[in-house]
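Each structure below appears as structure tokens.
Paired with subunit B in one complex and with subunit C in the other, subunit A is shared by the two complexes that follow.
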Partner chain A sequence: MLALQLTITGLQTGALYALTAVGFSLIFGSTRIFHFAHGATFIIAAYLFYFVNVSGYGMILGAIAATAGAIIFGLLLNRFVYVPIQRDEGSFFTIFVASFGIGIVVQNVIGMVFGRGFVTVQTPLSFSVEIMEGLYVSPLAWISMLCAAISFSLLWYFLKYSQMGKALRALSDNPELVRVFGMNPRFISACAFTIGSILVVPAAIISGATSGLNPAMGHHVMLISLAATIVGGIGSVAGTLMAGLALGLAESLALLYVDSQWTEAVTFAILFLFIIVRPSGLLGRSAAH
Partner chain B sequence: MEAYLLNLGILISIYSILGVTLNFIMGYAGIYSLAHAVFFGVGAYAGTFMAMHYNASIFVTLPVAMAAGAFLSLILALPALRVRGEYFVAASLGLQVLAVTIFSEWKSVTGGIGGLIGIPPLDVAGFEVFKPSQFIFVTVGALIIILFIINRLVHSSFGRSLRAIRDSESAAAAFGKNVPLIKTISVVISSALTAVAGVLYASYLSFINVESFKLDTSVLIMAMVIIGGTGTQSGPIVGAALLLLLPSLISYMDFLPQTEIGSIQQIIYGLGMALLMIYRPGGIVGRKKQSETGKE
Partner chain C sequence: MKKMKNLFAIFSVISCLGILIPGYASAEDHTIGALFPLSGPNATYGDIFMSGSDLAVDHINADKMLSGPMSIAYEDSQGLPQPAVVGMTKLVNVTGVPYVLSAFTGVSKAISTLGTRNKVVAVNGGGVGPDLAALGEYFWNVIPLVNLEVRAVMPYLVKEKGIKRVVLIYIDDPFGNAILEELEATLKDTGGELVETMSVPTTAQQFSGIAAKVRAAKPDAVYIASYGAQQIQIVKQLRDNGVDQQLVSYSGYLVPDALALPETEGIIATGQSVNYNSEDPVTKRFVTDYTAKYDRAPTAYNVNYYNATLLYAILAQALEAEGKEVTGANLLAKRQEMGSFDLVGGTVSFESNGTLLSPIQVKIVKNGKAEVVDTIDFGK
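Then we have the complex of A and B:
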């Protein structure tokens, strides 16, 4: 029964991980921008939701504010940091450092405004219900999985059938060819940032109610996103999704054997194993460099 | 005032060692590590362990700490051999997170979250150094020796191989360079020298805990190197001095909330990193438009 309980918790965590990681993977896969501030997008969305909710404007307005905040942050960062850098040289390193710096700024500004401790979004949805003898599941678990399922179906449909979705996939294959076809890579990049940032929002909101928020959690979010992207295979959205779910499950099931402070170690061990044994990931196209 | 300046000088020279050693792998080998504080910590804990249980002589603590750092760095070198760039950032971030857990859980050696107190002073050939006015000679001396070692390495054929690898791994391999071996050696050297800073830090403060070796420290060291100038000789030192002077500068500005000095410092260097990357990727010391920082 404990294993079943942990599997469901793991699926809940995994669904949130997958949402966050796919956002990063989509941006990185299509634009090759190492968007380390993705973790910052996460905390911005989470704290906006928390703030609007605590101020008494309700969850729907909170979700709208969080989405708007995430999109605006992603687009501004792309426009005023990544585009100018790419104009000059745009090496991996330069973009990573700039993105990283912005992440530090966001973390500390949020820490100054909301305090550095943990805050939680209070909602009756996080109370667990006994659905079987000894098996407690909160409605949030189902909501997470449902959110992930809906988001991924929409994303799949979008990437597969819409014009912009095709352009995104084309951009990840060959940016030069996209330009030759008369499409504007910069506009497509902005689109990738919008979608990638939106995908973070449900995960950010739900995390606020389940595990609580803290300004420094951006690094954890980033570790998970990076791990899932690499384990799934860079450039593969489906691979990242699977890897995100698997990492959530693995962290949760590991509790059968180790104490909870070691869960991040499990993520790290999986990541490490993949880097050494299979750098191209589950569904990746080519190996590293 | 004098004590304050001495303290600042000692910390700047210790952090300069950290910056210089990180710059060695980041600026010359193109290995971007977010786990530098791990080796700082390993050096501090290993040195402290020897000093508290066996012998406080630097001829015991330094070699043991360096060996521990070098040995552990092989774990970091393992993925570095196969991949670069984004993969390595992820691996080192993971290692940093894992190390913090180990530092706080392995209570018999690290003292857990509470840390270790009463670390014996540095014993240099039977002479106990604990006064800051003496200690600063030790740290500055160590910095000079490490600068000298790295300077020699960078200007040797080994250093040229490193830069060749950074600029184009396949070209270096085509020239018959043993790329994995050269990368491993550079990581091992860097980590062993980083451990020296750990020993000095622990015996200077006579107290350490996991707080000093968290991701924030790795980030701070990386910021020092980047703001000063990646791949330059003096950049990391300029960066270390600048970022450590920042908190005292902020405390002179009365209009800023004094309880938030740590946050304001981080905001300033975070912004500094982003702006430098946009306008001057080579850092303060580096050239304006640098064409040789790890372009892939």
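Then we have the complex of A and C:
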């Protein structure tokens, strides 16, 4: 029963990891921008939801505010930080440092506005119910998995069949060719940031209710996203999704075999294993020439 | 225009020199250091600690206790040893302070060698690891350590609540390991049993899997030994995931963020006993002014850092009266010479290991407030 309990717990955690990581992977895969401030997007969305909710405007308005905040932050960052750096032929590393700095600024601003302590979104949906003897599952666990399933189905359909989806995939392959076809890479990049930022919102809202929030949690979110992106294969949305779920499951099921202090290390052990054995990740393409 | 530019350049150079040269402040100024968590998941403690030390500075300066104005140079330790050592190095070598306020067990242990080597007094008012009593004569504690808290709560749980089987969830650092050792020893003496121990990394945020293992262990109580946001996350996720046994923790849990959480209801936690109703003028002034300044009742942490700061002023005042320089070595000698001090809560004196002893209260959280159910005085 413990194994089944940990599997369900792992799937819930994995769904949240996947939602966060796929957003990062989509942005990085399409634009080659190392968007470290993706963790900051998570924090902004989570705190906006929390603020609107505790102000008495309800969860729907909270979700709308969180989505709007995430999109606006992603677009502004792209337009006023990443694009100018790229225009001046700033290196990959320059963008990473700028993004890292933005993450720290957001963490401190959130701390100043909402306080640096722990806050949580109170909802009865986070309370587990015993569905079988010894097996406890909260409604939010099902909601997490459902959110992930719906989000990824829509994303898959969008990337496969829509014009913009094809353009996003093309941008990651060959930006020059995109220009030749008369498309605007900057507009396509903005679309990548919009979709990537939206994907983080369900994970941010659900985390606010299950594990609570503090302004410093963005770095941890980003660390998991990065691990999932590398394990899944850089640029591969499907690979990142699978990796996110696998990391969540591994972290939870590890409790069956190792002491609890090593469960987080399992994530990074898997990451190192992939770097050594299969550097291109689960579904990534080999970059060797 | 060129003149303006030159003036601006000179002004800039002077400003920079002012920042860089130690002792830029006038000789009579008294600056002490503080290594508090001002960012990261433990930042909530920084605000709590600062409110106590800042109020003490207000009082010291208003009373003109010292020959010049007193101030505190705050450095962000993040509650972690490595940034704390960087901050301590700056305080000792650049700012040149003789006295540093410290917090957190790991941080305090990490900086204590720097303090001893440079003869800088470090005073802890927030860390509770028992090892902190053995960090040398330049390290003082104005807070009773957690071994006393565990020794106070376990007999209460076993005798009053009939609790025998205990699960411990502890943070994987010196503080958590100290609690593990103390709990193992105390439970053996009181007839209880430690049925499962689970350590968690300092960065962990997901505890639903831990909750499943706790349920499987079927304990009577779960002792949580963590701090900052993590300890609140543990309590919330245990309750959300069907752990309805008695939860127990230590003084670090009774912070406003935790008390505001509905899942905290019913938790039993220990803490040092402070008589806020004492009629002595120091306590009365502290309680009145703290409540007025921060619009909330003070807690033990506020008291500890107020006392630690006030202690510096009392010692420095005595040294100045004798015409002696205010150095770490002289502060230590003066503390040993004076013996007892009038601080918040009454007249106190240090143990030979530099730690203040005070009674421990066992409290239960009801309606978001900690109510005292037992008081144990180890000094008697």
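Throughout what follows, the second predicted complex is superposed on the first by the 279 of 289 C-alpha atoms of A that agree within 3 Å, B and C clash if a C-alpha of one lies under 4 Å from a C-alpha of the other, contacts with A are read in each partner's own complex, and residues count from 1 in each chain.
Throughout what follows, a contact is a pair of C-beta atoms (placed from the backbone, for glycine too) under 8 Å apart; a residue touches a chain by one contact, two chains touch by 3 or more.
What you are looking at is a predicted structure, and each value in this text was computed from that prediction instead of being measured.
Undergrad: With the two complexes overlaid on their shared chain, look at subunit A and say whether subunit B and subunit C clash or fit.
TA: In the superposition, subunit B runs into subunit C.
Undergrad: With the two structures laid over each other on chain A, which partner does A:Tyr136 touch: subunit B (first), subunit C (second), both, or neither?
TA: In the superposition, A:Tyr136 touches subunit C alone.
Undergrad: After lining up the shared chain so the two structures overlap, which partner does A:Phe181 touch, if you call subunit B first and subunit C second: first, second, both or neither?
TA: Once the two structures are laid over each other on A, A:Phe181 reaches no partner at all.
Undergrad: Go through the superposed model and pick first if A:Ile230 touches only subunit B, second if only subunit C, both, or neither.
TA: first
Undergrad: Which partner chains sit in contact with A:Gly111 here, subunit B, subunit C, both or neither? Use first/second/both/neither.
TA: both
Undergrad: Which partner chains sit in contact with A:Tyr157 here, subunit B, subunit C, both or neither? Use first/second/both/neither.
TA: After superposition on chain A, A:Tyr157 lies in contact with neither partner.
Undergrad: For A:Thr210, select first, second, both or neither according to whether it touches subunit B, subunit C, the two together, or no partner.
TA: Touch partner of A:Thr210: subunit C, not subunit B.
Undergrad: Counting only touches as set out at the top, which of subunit B and subunit C does A:Phe92 meet: first, second, both, neither?
TA: first
Undergrad: On the A-aligned overlay, A:Glu264 touches which partner chain: subunit B = first, subunit C = second, or both, or neither?
TA: So A:Glu264 meets both subunit B and subunit C here.
Undergrad: One more residue to check, A:Gly103. First (subunit B), second (subunit C), both or neither?
TA: In the superposition, A:Gly103 touches subunit B alone.
Undergrad: Considering only the listed stretches 187-195, 205-213 or 277-285 of subunit B, which one runs into subunit C in the superposition?
TA: With the two structures superposed, the offending stretch of subunit B is 205-213.
Undergrad: Could you list which residues of subunit A make contact with subunit B in one structure and with subunit C in the other?
TA: Residues 107-108, 111, 220, 261, 264-265 of subunit A touch both subunit B and subunit C.
Undergrad: Where on subunit A is subunit B touching in the complex?
TA: The contact residues of subunit A facing subunit B are 28, 34, 36, 81, 84-85, 88-89, 91-105, 107-109, 111-112, 219-220, 222-223, 226-227, 230, 234, 261-262, 264-265, 267-268, 271-272, 275-276, 279, 288-289.
Undergrad: Mind listing the subunit C positions that touch subunit A in their complex?
TA: 39-41, 43-44, 46-47, 172, 198-201, 203-213, 215-216, 228-229, 232-233, 236-237, 239-242, 255-258, 261-262
Undergrad: What residues of subunit B sit close enough to touch subunit A in their complex?
TA: Contacts found on subunit B: 30, 32, 78-79, 82-87, 89-91, 93-95, 97-98, 101, 104-105, 169, 215, 219, 222-223, 226, 260, 263-264, 266-267, 269-274, 276-278, 281, 289, 291, 293-296.
Undergrad: Can you list the residues on subunit A that touch subunit C in the complex?
TA: Those in contact with subunit C are residues 2, 5-6, 9-10, 12-13, 107-108, 111, 115-120, 122, 126-128, 130, 134, 136, 138, 210-212, 214-217, 220, 251-252, 255, 259-261, 263-265.
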